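Labels A, B, C and D are assigned to the chains in the order they are written; within every chain, residues are numbered from 1.
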């Protein structure tokens, strides 16, 4: 009766709850806790063309209502992903989204070309990782640079292309508009906020990189505002991300205009949180007599 | 399939030394193992979003379906847990990680520093080898009596000399006497143990700590450098071979 | 022995802890709880040239680790402030900072001209209130517009001028640089982040204005990063603001490069929080053998 | 000089109806008054930053240095408070706000809806006038016996008719019988009371609620519209003259 389905870029998700990149590995670890096929979709850990060791030093620092992370895109590289992780993901009855990071246009293109030949359903272009020193950051900040990247990737990609926006963008609405103009089929937002913490006894930054990425419920009010603004400005599907820890948060994002949502840090406080969110959304819709997500999408 | 966070019922939660608490919980019955020596649980003693992350605590003992944890109050998370009492609920996820190798044979030294004594109880009970126990403390010694029946000899040190040798526990350790050494404690202590043992060609097994978010291997937040690349303390560890860990300075 | 004094724009503060605008009224309410002379300084509630009734509807909404507010600059106007509130403030042995809001350059100038003739020590120009519909917001977002405002205000002002920056600025470093170039004697940051919340049962935004301002410990990692970046880019004194709830937070800001700090939402969870912060900082400095704030300012 | 947050010691905290709790606390001794009828305290039953804000709760009664609060569990804050037990600490700030006018004379009606009964106990005790008490509930009636000795007659209604009149309490109220009416409860009820009384020229006093941050008049978060401009519920209120409040729809 309740229709939780949502169609994004001609791909049907059985429900709007997706595991966010970098918080869900390649699914294997969570598969020990629940059947992954119950999810709407899974975003892989951020992939780069070549393997990356990630950052040294402290990688996680708790803050009020969230955490700073500085993982630094540690990942096995696209080839190893395709060889070792994708076969497992393919077997799950859920939408697989490959999150692609990079620090140059060539790197993005190289990665996307390899993913073109696989079974993944969607590419999510991460133009915004704050934790990689060599670059990548600027892509997510200046609309003109993002435009260039998306335009070029768009030309080689054979899969639907979702661009993941950074909340550090100078102007999130212009950023969204530029990405759509350059050919993004959808947008997901937000990635982590640039933040920092200081070890006052050591008189030094907690993180070797100084700046790290903030996520969790602490950022929700800002992320929700950005989703609301972007959803009103562009016509492509929007995936809302940021601080979701229960079904009420997810419904807020849908009402702000999101087609689907991603759950990131929430997985850390409860590996089965996504299921609770799916069930909670269903119950809410039932109680409120809402038959499909479309009815409430952007309703405010 | 493993269960996610489960509601543990607190059986007791008592202070046994300054800042040190012994917590006993029972879990709803399942057929699954409650854990092996060296494994840990993630604990969340609060329903709210501050503190945000759960806290990793080692299994100190398991008997008759009751899990014992031994923990030091360091910051906010452990402080909140220390305020819970019998009947209160505590959310726990586990058992997690890879525990100690229980197949060791011959004479083995168990070396702990401070709260590093926590996983040694269950280990001493479950490891069949002949064991000597070396435990170092800063001021107060605690929990040693729990080990008495399970080990051969006990060596104690305190930095202030209030009991046992005055100094570090590594002052007492003679690696050459053992077929293997298992250590848990502060990084400088474990580093020293590994160095001493390497020198004598004695294999070491050490239980590492790191800040954790997910506890299940997904976030890559708890990785440490090893001779074969970055490894996750929560998944490939917390127990590592001392030789493979690259200690940063 | 411990020297907590700090000199900002040739004004000496007895300690670096200042009550943040809008969270401390005009001091009277807190005077019932402690002697205001113990504070380094007090920023008044945001003042506009003419009286303002503020916003209708819900004005406060709790979020994880903070709150959204939509007060809408309710204030008695400059004249009434001078008549009815300033005499009390003058009697306190602490630095008085008049926070000035507005929605046009003329309004700012009018207000500043009136304040010129009073005993207030410093003017803090709020170019960033997100809660006023008619404008004001853009000033805090675009560096070029901020430059204009500051340049004009700077010409009429006879008091030291601190410009309070919005974290919603497109580029916080450019914003800081523009304000300094235009003549700001110091900068304070951050004001509240634009955020929102949705009433999922009512299917409408919680606030009549839709967007409200987020403050509290939830924002601290982001605000701290901004203070750090700005302190490295400009040469004027910086006042750090955002999510301070204990002395450790305050020390982090000083180590990031702030000369002083302001406490906002923290006052709501404890009206005597500022005193705790002052004492805690003193104890920390004593323990760590730090003789003056200068020793640790920007030390990281 | 008033004290800031003080640590109250919980004497008891018991459920008296579904979702309704009676909490008794004692405070460290001071010479200052613990409060007047209609005043309130801000409560923080957690050391952490989530929930962030304290919660306003009216004084229900004061006797022998013990403050009683009567509260309904609505959300997270009140839920956490409901889990505290004897001996636990609770941070409180108060007494705050402007209470009821105790100088009223003649025959007075006290009208409460649901948990709006909370401030009526202390008020009934301290107000010398002749009082009739009208209390409306949704399902269950509670706490009425505490008022018995202090009022003339009691009128009860429940929406489901389980006890007393089936319907709203305003169905029973005859304003023309009184020299003044004091009301506390949901906005629609208070609005109705004020309308009925205005019609008969009877003055009303109502205790308003609003979301609060500071509770002491500094943040302007709790203002309501009145005929003489915006007023702060925490400072000029929570008790207002019914005539001056502008009810929004």
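Just so it is clear, contacts are C-beta pairs under 8 Å (C-beta built on N, C-alpha and C of every residue); 3 or more make two chains touch, one makes a residue touch a chain.
As the structure is a computational prediction, the values presented were derived from the model and not from experiment.
The remaining chains, with chain A left out and nothing else moved, touch as one piece. Of the two chain pairs considered here, C-D and B-C, the higher C-beta contact count falls to C-D.
We define each chain's centre as the mean of its Cα atoms; on that basis chain C and chain D are separated by 35 Å. Chain centres here are Cα averages; for chain B and chain D they lie 52 Å apart.
The distance from the centre of chain B to the centre of chain C, with each centre set as the mean of the Cα atoms, comes to 47 Å.
Here the CA centre of chain A is 34 Å from the CA centre of chain C.
Each of residues 49-51 in chain D touches at least two other chains. For chain C, residues touching at least two other chains, in rising order: 63-66, 216-217. Viewed as a network of touching protein chains, the structure reduces to a complete graph with every chain in contact with every other.
Residue ranges on chain D touching chain B, taken from their complex, read 46-51, 76, 80. Against chain A, in their complex, chain D makes its touches with residues 49-50. If you check the complex, the residues on chain B that touch chain A are 1-5, 44, 49-54, 93, 211-223, 225, 229-230, 235, 248.
Within the complex formed with chain C, the residues of chain A that make contact are 63-66, 68, 170-171, 193-198, 200-201, 203-205, 210-212, 214, 216-222, 224-225, 228, 243, 248, 251-252, 255-256, 284, 288, 296, 299-300. Interface residues of chain C facing chain D in the complex, by the touch rule stated above, are 22-25, 29-30, 32-35, 45, 53-54, 56-67, 69, 71, 74, 216-217, 245, 265, 267-272.
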